[in-house]
Structure formats: structure tokens, C-alpha cells
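Each of the next two complexes has chain A plus one more chain, namely chain B in the first and chain C in the second.
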Partner chain A sequence: MEILERLFNVALIVATLRTTAPILLVALGGSFTTRAGIFNIGLEGQMLLGAFFAVIGTIFSGSPWIGLLCGVAAALALAFIFALLVVTFRANEVVVGLALNILAGGMTVSLLKAIFGTRGSIFGHGLVGLPVVRIPFAKEMGWFGQLISGYTPLVYVAFFAVPLFILFYNRTKLGLYIRVVGEKPEAAEALGISIAKIRYTASLLCGVLAGLAGAHLSLGYTTMFTENMSSGRGFMAVAILIFSAGDPKRILAGCLLFGFSDALSLRLQTFGVSSYLVLAVPYLVALVALFALSYRARPRIIQETLASMGRALQVKPQSAVEPPALAREP
Partner chain B sequence: MPRAIELRSITKRFGSFVANEGVNLAVERGSIHAIIGENGAGKTTLMNVLFGLLQPDEGEILIDGQPVVLPNPAAAIASGIGMVHQHFKLVPSLTVADNVFLGMEILKGGLIDHAAQIERTAELSRQFGLKVDPTERVGLLSVGIEQRIEILKVLARGARTIILDEPTAVLTPQESRDLFETLRGFVAKGMTVLFISHHLEEVMEVSDTVTVLRHGKEVATRPTAELTKSDLVQMMVGRLVSFDRRPRAPVAGERVLAVEDLWARDDRGLHALRGVSFDVHAGEIVGIAGVAGNGQTELAEVLSGLRPATHGSVTLGDTSLTGLSARAIRGAGVAHVPGDRLVRGVDRNASVSLNLLMGRQDKAPWSRGGIIDRGYLAQQSKALIERFDIRTRSAAAPVKSLSGGNIQKVVLAREFSGDARFLLVDQPTRGVDIGATEAIHSEIMRQRDAGKAILLISVQLDELIALADRILVMFAGRIMGDLDGGAVSEERLGFLMAGVDEHGHHVEREMTS
Partner chain C sequence: MNDRISALSGQALAIMIALALGAMVILAVSESPLKVFLTLMDGAFGNPERIAGTLLQTTPILICGVAACISLRGGLFNIGIEGQLFMGGFAATWVGFSFEMPPVLHVLAGLGFAAFAGLAWVAVPAFFRARYQTNEVVSTILANYVAVLITSYLTINIFKRAGGAPDTPPILESAYLPQLFSFSRANWGLVIGLLLAVGAHLFFTRTARGYAVTEMGANPKFAEYGGIDIKKQTFFLLLVSGAVGGLAGGIESLGVHHRFMEGFAPGFGFDGVIAALLANGNPLGTIITALFFGALRSGSLLLEVDTTASREIITVIQALIILAVSAQILVRRRAADSSAGERRWKF
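Coming up: the complex of A and B.
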């Protein structure tokens, strides 16, 4: 019992919220493109570039806020290139996304070398993170105060964005048009809604959020930049987007699941469980969740696979007798 | 009074292909004007020009006597023209009201005012007698209601002239009649209706004026009252064609196919077939009628081995076909002309002769020791192309270079030249023009007279009445009636297709699985 108490407490929830925030930001960004009908695998690269330029901007200006803007601008530039290639030149989304991810990875490494002459990671150099928000009276509220206070600003942004996103998709014109362009482009076209314009807008909005997610990684979650520090969060966001179909509520649920297993695995390390095993936990959870959800969402493919397997294995009946595999209808 | 619409010598080219050549069209205000022609006659192109979807290369457009330029649909809508497309452009996850007001949302404080949109939609629906529930999600509604929503969309934008592209293709006869009633209501209110069709009966029934197009040119524009059905056909095709019931001698053959209490599920896992039983005899054409989506597709797939049955049996002569693979079923003597020829009928990129070979490439004399006999194939292809009058540059031309009717002839040539006893023929003339339709019908009749047992599935009632000896009507996965093809009326078929049985009781559609 004591172990469970040490494992599951308010601190674990706080850790969950912390680990959820970056992936929630990038996944919400991806919901713009997902709902506009673009399979955006380039989230990872946009996030990484955002993280890098947020650090660069902070070091050169001394202000993490200017750094944040630099990070967003960099991610936005990458998002613009993505939109240009995918929407205007109709290149394959997966190829472009992968290429830009590789570009972002390589670019950050070589710029790190060129500017600071090092490899690996960068901290110090006058790098300051975003200030921690201390909500007044939080101290008097006990465990609840502990839960709501003391995060960096982008954690609040991430969670407050969820209801705003729900409102955006249900009640605003742009939100509605993004949905229509993704679900039924012919309908949009027939009504004079420009598909290209909406897809550009969605891609750029996605870039802003991915940039914020990156800046949060390097200025809020930590105060440093490490090579490949997005470490698959962008891809995890893509996975969450596939099973949530871009719906903000389900994105939140998926991100919390991932954040929780991430926080739990960090906890387990302190209990002496092998770190390699523990680090695999969030990915295993995500895989299982994905499989469970897609199993339900894609009955047809699975049905057909099972049916054809069944037929291949079945002994062919030669008489008019009903094969035993066929059940009477209720 | 100026005309509602006037098109003057419109020409539209796509590369070297001329879709419309100097077409004139004058539409009087307050009339229902039909535009009729074979597939590829240029009807849809002309309407797309009028709706601003395409720009004419030559010619001018006048609306209410004023020359206009319509660079996009928005300009056409602004001049009071609305179009209901053949393929509906509705968003399934949105409500009826959201779909109606899509692109012209009612806003309050910068946010969409759903309540006001619902109220306005209900108002329009009352005013024009188009019954819909504004709060329902479109994805759950039937095609007939979807069409009403498309019309409401056009009305909400203040259209005074409404273009309908093949509006009845997806409707039951009763739904079509309701639609015509609505259209007559529109013209009574002083609106104008332009109506594209290749269904002669409808045009005769509902229109005031007809314009006939052939090969991109206007052949004639006349008041409908002055014309007969055969006049129209002659103008459309350029020669005389008969669509009456084909004469035949009774052939009483033995039972070839027996289907007993067949059940199957559709792709969503719902029951699409609910206890279907029937026989097909040698020398008999049994027709399956029904509105698309009542189990006909699943029936064809089960019979051809492409979909498993959950219960029941299929027997060919003395052989059970239940549970056999598609290949084994073909081997047992079933030929299949699939409903969607481009998906399951042909390989579009392969040549005509390879498509004629497919399915028997491993059998002598087509191949020997695993190697295809090219000489035999070439000789057979030549003979089949000639016999079935397939219009192609050569036997080596890819199938995709052929017209729809000729692609269908390739499928028929392959399926009808084997030694099958039972022919499963699904929508043989879908999207095929009148000339080719006639040839395909003749070929089906020849197969019947040769003693084949034929199951003919079609959504076109005139086709079934022309060919079938017996007509079975399917509704919601069941067979509603077994009618004599020689004595049946379209009205009777229509009631059964809508789920109303002999005694006038409405059969409920069961949605449970």
C-alpha cells in the first residue's frame, strides 16, 4: 500500500499535466490540418525547429518572450513550405512531411555546430526560461493549489485552448470551413469556398501551435536545447490525431493518456525498475490504445481479412449441406 | 418580357474535343425546360457553362435580357441561378440547417447562430413544401431527402432559375413524382426550372419545352406537347430505336439456379440480405428491381463469391455454390457482369485482348503449360471484337481508351463467350448511351434464346420491362414481389420498390443487425 501511495498522489497528476502540455499543444495544432484533410506528418520537424529558434532568440535578445516569437516564426516558415509543396504543388504529404522533418533535424544540428561550435545540447549562454506562473492564494488552497499553480505559461495555454478549439469548430465560420474542406471538398468548392486558402490557413495555424509546443519544450519544460529534443512527440501527436480524427476532446483524452504513462514511467524509474523498460511504457500504452481504437473504427478491413482467412482455411463443401461455419440468424 | 436565360452560340472545347458547338438555348420565364441527349452529348458541359463552372470559348450568356459574364459559381448565384448537381455536395457530419446555410452562415456576435439557421430552414421548407427536419444530421438521411436539402440550399440563396442535373437518377418513381410536384410549384411562383435528363418518360411528363442535344450540337427546341417519345429518341440518336418489350418465344427449361433463404451483411455489418429465395430456369431472364442500396449489390456479390453469406444456400444444378470462392464459382459455370465495370469488370490499363482473356488464362486452348497462346488469343480477340461490335482502335489498345459502352461490351464479350450456364448480369447499361444499350439488350436476349439462365439486376425499370420474363422487387434486403415481366406496370413496381406490399401495408426498414 505504501508503494501505491508513493506512486499515485497529487505530484503524479502535476507531472502528468506537465508532460501532457507539449504534446497537447502540437496535437491541437495538428487538428487544424487533420480536419482540413491534410495528413501532416511534419509536426515533429516544426516542433523541433520551434524549440531551437526559441533558444537562439532568447540567447540573442535576452528575453524568453522574444525567443518564443522566434520559435513560432521558424515553425511557421516550415509550415509555409509544407503548405506550398502540398497544397500548391500537390506533392505527396508524407514525402514532404518526412523530408521537412529530416531537414529540421539536420538544420538544428549544423546550426548548433556553426553558432556555438558544439554538438549535443546547449544551455547557459544567458539562456533564461519562461517565468513560472504563481497563482495568488494558491498556497492557501492545499493540494488543489498545488495542482493549478506553478506551471510555465504555455501549460495553461495548452489546456485552455481545448474549450476554445471546441467553440472554434462548432461556432465559427473558419472552423466550419476547415471541417467542410476536410470532409467534403466538393461541397466547399461548389459553394465558392477556396480549398487552397483554407488548407493554407490550417497549415499556418498548425505551424503556430507547433512552434509554441517547441518553444515550450526548450523554454518551459526545460531550459535548454538538445538535439532531437522533440523525441517523437510530433509523431505521437500524429498517432493521436489519427484516432481522434482531429476532435479536440478526444485529442485531450489521448494526450492525457500519453502524458500519464510518461509521468508514470518517470516515477517508476525512481523505484529502480529498469529505465529502458520503463521508457517504453508510454509507447506501449499508445500502441495498445491505437490498436484497440482502430480495431473498433475499422471493422471492414478486419472483417474482410478475417473472412478471407476463414475462407482460405475452410474445407470446400461439395454437397448442398450447409457448412458448419454458417450460423442461423436470430 | 425578356427570357429568363438565353445562351447564344456557346462553344466549349477541351483540347481537340468539342463538347458544345454553337449551342443556342432560350428559356422562358416560368417554364420547366428539359435538356435531353445521350451521354456525352454535352448537356452537363452546357449547364456548367451557365453556372460559371466552365468558361465558354465563344458565345454569350444573357440573364433576363442582360448580357453577363459568369467567371465562377458565385457570380451565377448572384444573378439568381442555382444548380442541384447530380452528385450531391452535402457534408454528412453537419445538420440539415448547417448544410443549407453553408457559405452564408447567419452570425451573431461573430459566432454562427445555429438556432436562427434552423428556424430559417424550417421556414423555407414550409414555404416551398419540401419536408425536412432542420436539426437532423445529413449522414443519416435518405437520398430523396438529401436532394430536398440541395434544393433548399439553392432556394436559400435566392435562386429564381434552378438547374437540376439528372435529378431522378437516384429516386423511386414515387419520389420522382413528389419532385415533379415541387417543380410545378416553383414555376407557379414564377420561377424557372432547367432540367437535364435522359429519361424520356420524365421529360414527357414534366417539361413544357425540350431542347435536344446530340454530339455537342443543339438538334431541336420544341414544346413538349408537340412531341412523342419516339420523336425524342430519334432526335437524340439520329435514327429509329425501339425500346418496347422484346418479343420472345416461351422457353421452359429446367431449374439452373436455386437460392434459398440467403442472408448476408453489408460493409457496415448490417443485414443487407434478409432471407432471399428464388429460382432461375434455363432460357429465362429473371429481373431484380429496386432502388439502389436495397441489397442488390450484396446479392450479386454473394452469388459471385465476393461476399460471404451468413446463412442460406445457393445451388447451381446439383452443385452447391455456398461458401465457394469466386474462382470456384466461375469454374462451376457462373458468368458475372459486375455492376461497376471499372472496378471489377476490367483492368483499365490492360489491353482489350488481355481483358477478353482474363479469368481463363490458365485453361486450354487459351494457354498451354502455363504459357499463353498469343496466336489463339489474337484470333479469338478479333472474332469477339467483331461479334460484339467493340469500337476500338485495335485489340492492343488499353481498355481505358474506350467509351463506357464499349468497355461494357468488352465485359459482355468475355463473360458471354464462356460455357457458363448461369449469367449474373448487374446494371449492364449503366452510363451507356442508347445505341450501345440497344446492342447490349439484343445480346442478352440472344443468350436467353440460347438457353442460358440469366439474372438481370438493374435500377432502370424500362430495361427490366423490356427484357425480363419475371421481375423480383427487392426492398430492404427482402423480395417484395414476383411479377410477370410481360404484364407488370411501372406503378406497381414503384410501390413495391418503396416497400408497400400487395395489401398496401408499408414494410418497415429494419436497421438492427
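Coming up: the complex of A and C.
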């Protein structure tokens, strides 16, 4: 019992929320491209480049907020190249995504050496992280205060983004357009929606969130940049996106599962379990979830999307883009 | 024939564009592109030792490239070759230091177990890809991370000698894969790699099954109507690809390192995938692209000594080449305006 008490307490939930935030941000970004019908394996590279330039921007400007903008801009640039090749030149998305990941990996290490003359990681050099948010009166609220206060800003952004995403996909024109383009491109064409424009938009929006995720890694989650510091989070996000089909609620559930397994396994380390095995846990959870859910989820999602698109298309083309037809959807 | 020439010149143009972009990146990290280029050439081909060094680097890239070709031909992405290489490398090392056997048999046993380890490592993703269409790109990438961590765990926590360096015991001399030259660690693995490339080429062009899986890669629907068992062939191709990936690791450990340690083979699996993509999934073409990447890698070792640039600059160049090629072929394809029957993975 004592062991269980040491394992499961408020601190574990806090740790879960912390470890969930970066992967949630990047997975939400990926939901844009997933829903627009693009398989975006390049999330990893966008996140890594975002993390790197967030650090560079902070060091040269002295402000982590300007660093954050630099990180987002860098990820956005990579997302633009992705969209240019995949949408305009119709290159294979897996090939382009992988190449951009490799590009990001090589570039960050090369620039690290060129600018700082070191390998491995950078910290210090006047690097400051994003300020911690202290919610007033949180101290008086006991364990609940502990739960809601004391995170860096992007943790709040990640979790508050989830309901916004649900609204976005169900209540806004752009959200609906993205879904139509992804699920029934022919229907999108019939409605006069430019598939290319929507896919560019989705890719760039994805870049913004991946950049934020990267900036959170290097300025919030830690205050340093390390070679390859995204360490597969982008790929785990892709796994989540596959079995969630880009649905924000399922993305949140999937990310919490990873956050929890991450936090729990880090705690197991204090019980003398080898750190190598502990580090492997999140990847194994991702694999098991991917295998277990991809079969079960797939046919249902196809059915659902066909049903919802059928409903959307029964209405006249002009009114089909209005929310009511889809607002009832779960 | 005309098509082929224009395709080749297009490929060459893409590589030129990529190199030009690479030169700009090199300028950005404040080095002279010419100096970097000359250093790379000198490091790769400057003297017999360096040429042998290039061959040493080419070997794993070539074998991993053949592994990638095998899956790409069937329209499948085995991105997990890096992980299969780690598993194979560890498996061969384990056979190498745990058992006493006569020389040739020991090498064969080590390589055989390496191939089996690679096959076993890809078996679960392969099964789910074949049976439930579970995306193999993601599952094999995630499996890479697990493979690296598990082999590290086995090396450090199980087999490390107390107080010793963080690596396994060395393999017995009977398990050494013979070297090609007296002055370099380049070994017979290169010959195995060349044979595998030729063998894969013959398999795809001369056998019924090879034709069937190529058909499957080109157009799965059509292949299915043609009576090809897609699930079975998918499973088979991924297993073979994984076995070759494992073999690459076995050759690295029995031929080069003679032990297993952390950071055993950084990035050879990914280089192999890129080499195969650049060769458009052609095993014979992969020989050339693997040599190219092997030379870059070997040259980059000198780069780190002689210039301020980091050796990772070559991964930037490799990525730029792939991006340029992926865009360029499409310009041609758009002109032809036919995407029917194209392979799923084709740029």
C-alpha cells in the first residue's frame, strides 16, 4: 500500500499534465493536416526546429516571448516547404516528411556547432524560460490549487486549445472545409472549395502548433536545447492521430495516456528500474495503442465520416457549409 | 529510352540544385563551400586507407538500402531498419561471445541469428500491416526507439563487465568476419551487400513472386484482381526486409566493432532508406547511391578535423537531395499527367 501511495498522488497528476502538454500541442497541430487528408510524418522535425530556434531567439533577444515567436516562425517555414512539395508538387508525403525530419536534425546540430562551437546541448548563455503562471489564491485551495497552478503558459494553452478545437471543427467554416477536403475531396471540389488552399492552410496552422510545442519543450518543459530533444514525440503524436483520426477529444485522451505512462515510468525509476526500460515505456504504449486501436477504430471512423458527409451533402451546397447540419454531431 | 535519359538528367539536375542549396547552408554556418567540398573528397578518396574507409561506411548503408528496396518495391515503407540493425547487431554479438564454434560456422551462426533478430523485430508491425492495415511507417519508427533502448539495457545492465567500459564482452576471434584489406576494417560484408543487391534485383526481375510484389507496389487493386494474396506478400516482404536489416547489424558487429556498445551504428538504417529512395527502389542503383552516401559519411570524418563545420552538415545535404528529387520528378510527372499505376512511395 505504501508503494502505491508513493506512486499515485497529486504530484503524479501534476507530472502527467506536464508531460502531456508538449505532445498534446504537437498532436493538435497534426489534427489540422490529418483532417485535411495529409499524412504528416514531418511533425517531429517541425517540433525540433521550433525548439532550437526558440532557444536561439531567446538568447539573442533576451526575451523568451520573442524566442517563442522565432520557434514558431522556424516551424512555419518547414511546414511551408512541406506544403509546397506535397500540395503543389504532389510529392510523396512520407518521403518529404522524413527528409524534412532529417533536415531539421542535421541543421540544428550543424547550427549548434557553428554558433556555440559545442555539440550536445546548450543552456546558460542568458537563456531564460517562459515565466511560471501562479494563479492567485491557489495556495489556499490545497491540492486543487497545486493541480491548477504553477505551470508554464503553454501548458494552459495546450489544454484550453482542446475545447477550441472541438468548436473549430464543428462550428466554423474553415473547420468544416478542412474536414470536407480531408474526407471527401470530390465533395469539396463540387462545393467550389480550393483543395490546395485548404491543405496549405492546414499545413501552416499545423506548423504554428508544432512550433509552439517545440518552444514549450525548450523554454517551458526544460530550459535548454539538446540534440534531438523532441525524441520521437512527433512520431507518437502521429500514432495518436492515426487512431484518433484527428478528433480533438480522442487526441486529448491519447495524449493523457502517454503523459500518464511517461510520468508513471519516470517515477518507477526511483524504485530502481533501469532507466533504459523506463524510457522505452512511452514508445511501447504508443505501439500497443496503435496496434490495438487501429483495427477497431478504422471501420467505425470510416462509417462515421461517410454518415456525416452524407448528412452534410443532403443539404443544398450553399447551406451545407453552415454549421447546423453538423452541429448535432457528437 | 528517351524517357530514361530525361529522367536521369532530371535526377542530376535535382542533385545539382540540392548541392547549391547545401552550399548556401554551408555559407550560413560560415565555412567556405569549396573547402568543405574538397575536404569531403579528400576524406573520402584521398588515399587507399580513406578509400577503404569509404567502403567501410558504404557496407551497412548498402545492406540497409537493399532492405529498404525490398519493402519499397512492394509499396511498403520499412523505416524501422535502424531498429532491426540494432537488434541484429546485438544478436550477432551475443552469439559471438557466448558460444565456442569452429570459425566459419561461428560467423554463419552469428549472421543467421542477426537476420532472425531483425525478422523477429519487424514481425509484429508486419503482421498488423498485413492483417489490419496498421500504418507501418509509424509503427516501425516507434519500434526503432524501443530497439535502441532495449539493446542499451541489455548491454549496460546485463552484459557489462563490472568496472569496464559501457559495452559487451568482445566476440571470440572465430566469429570475426574477415577483412578485405590489411590496413582497414572494411570487410567481406561489402561482398555480401553486393551479392544481396544483385540477388534482390534478380528476384524482382526474374521470378514470378518478384513480379507479383512489384505489381502489388505499383497498383495493389490491380494486383489483387490478378490473384495476388496482398496480405501474404505484404507480411513476407516486410519480414525479408527486416531480416536483411538485421543482417546489416550482424555484419557491423562481426566485421567492424567485434562487440556491441551504445550508439552502435548511428543512422545507417536511415541512410539506407534514403539511398534506396534516391535509387527509386532499384537494388542495383542503390549500390551507387550507397557508395555516394558512404563517401559523404567517410569524408565528413575529416570535415570535423579540418574545418569548423560539423559532420551533420552531410545529413543536411542528403535531406536536400531527397527533397529536390521528390519535387523534380513531379514536375515531369505532371507534364505526363498520369498518376495511374504509380507506386505509392514514388516521389
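Just so we're on the same page, the second predicted complex is superposed on the first by the 296 of 330 C-alpha atoms of A that agree within 3 Å, B and C clash if a C-alpha of one lies under 4 Å from a C-alpha of the other, contacts with A are read in each partner's own complex, and residues count from 1 in each chain.
Basically, contacts are C-beta pairs under 8 Å (C-beta built on N, C-alpha and C of every residue); 3 or more make two chains touch, one makes a residue touch a chain.
Remember, predicted model here, so these are calculated numbers, not experimental data.
Trainee: Looking at the overlay, does A:V96 come into contact with chain B only (first), chain C only (second), both, or neither?
Mentor: second
Trainee: So which one touches more of the residues on chain A, chain B or chain C?
Mentor: Result: the larger residue contact count on chain A belongs to C.
Trainee: Quick check on the superposed pair: does A:A187 touch chain B, chain C, both, or neither? Answer first, second, both or neither.
Mentor: In the superposed model, A:A187 contacts chain B only, not chain C.
Trainee: Answer with first, second, both or neither: which of chain B and chain C does A:K173 touch in the superposed model?
Mentor: first
Trainee: Where on chain A do chain B and chain C both make contact?
Mentor: Touching chain B and chain C on chain A: no residues.
Trainee: Touching chain A in the complex: which residues of chain B?
Mentor: These residues of chain B touch chain A: 72-74, 77, 85, 87, 89-94, 98-99, 102-103, 105, 107, 110-112, 114, 263, 267-269, 271, 275, 308-313, 315, 318-320, 322-325, 328.
Trainee: Mind pulling up the chain A residues that touch chain C in the complex?
Mentor: Residues of chain A touching chain C: 39, 41, 81, 85, 89-92, 94-96, 98-100, 102-103, 105-107, 109-114, 117, 119, 231-232, 235-236, 238-239, 242, 274, 276-277, 279-280, 283-284, 286-287, 290-291, 294-295, 298.
Trainee: How about chain C: which of its residues touch chain A in the complex?
Mentor: 25, 28-31, 77, 79, 124, 128, 131-135, 137-139, 141-143, 145-146, 149-150, 152-153, 156-157, 270, 273-274, 277, 308-310, 312-316, 318-320, 322-323, 326-327, 329-331, 333-334, 339, 344-347
Trainee: What does chain A use to touch chain B in their complex?
Mentor: Touching chain B: residues 167, 170-173, 176, 179-180, 183-184, 186-187, 189-193, 299-300, 303, 307, 310-311, 314, 316-323, 325-329 of chain A.
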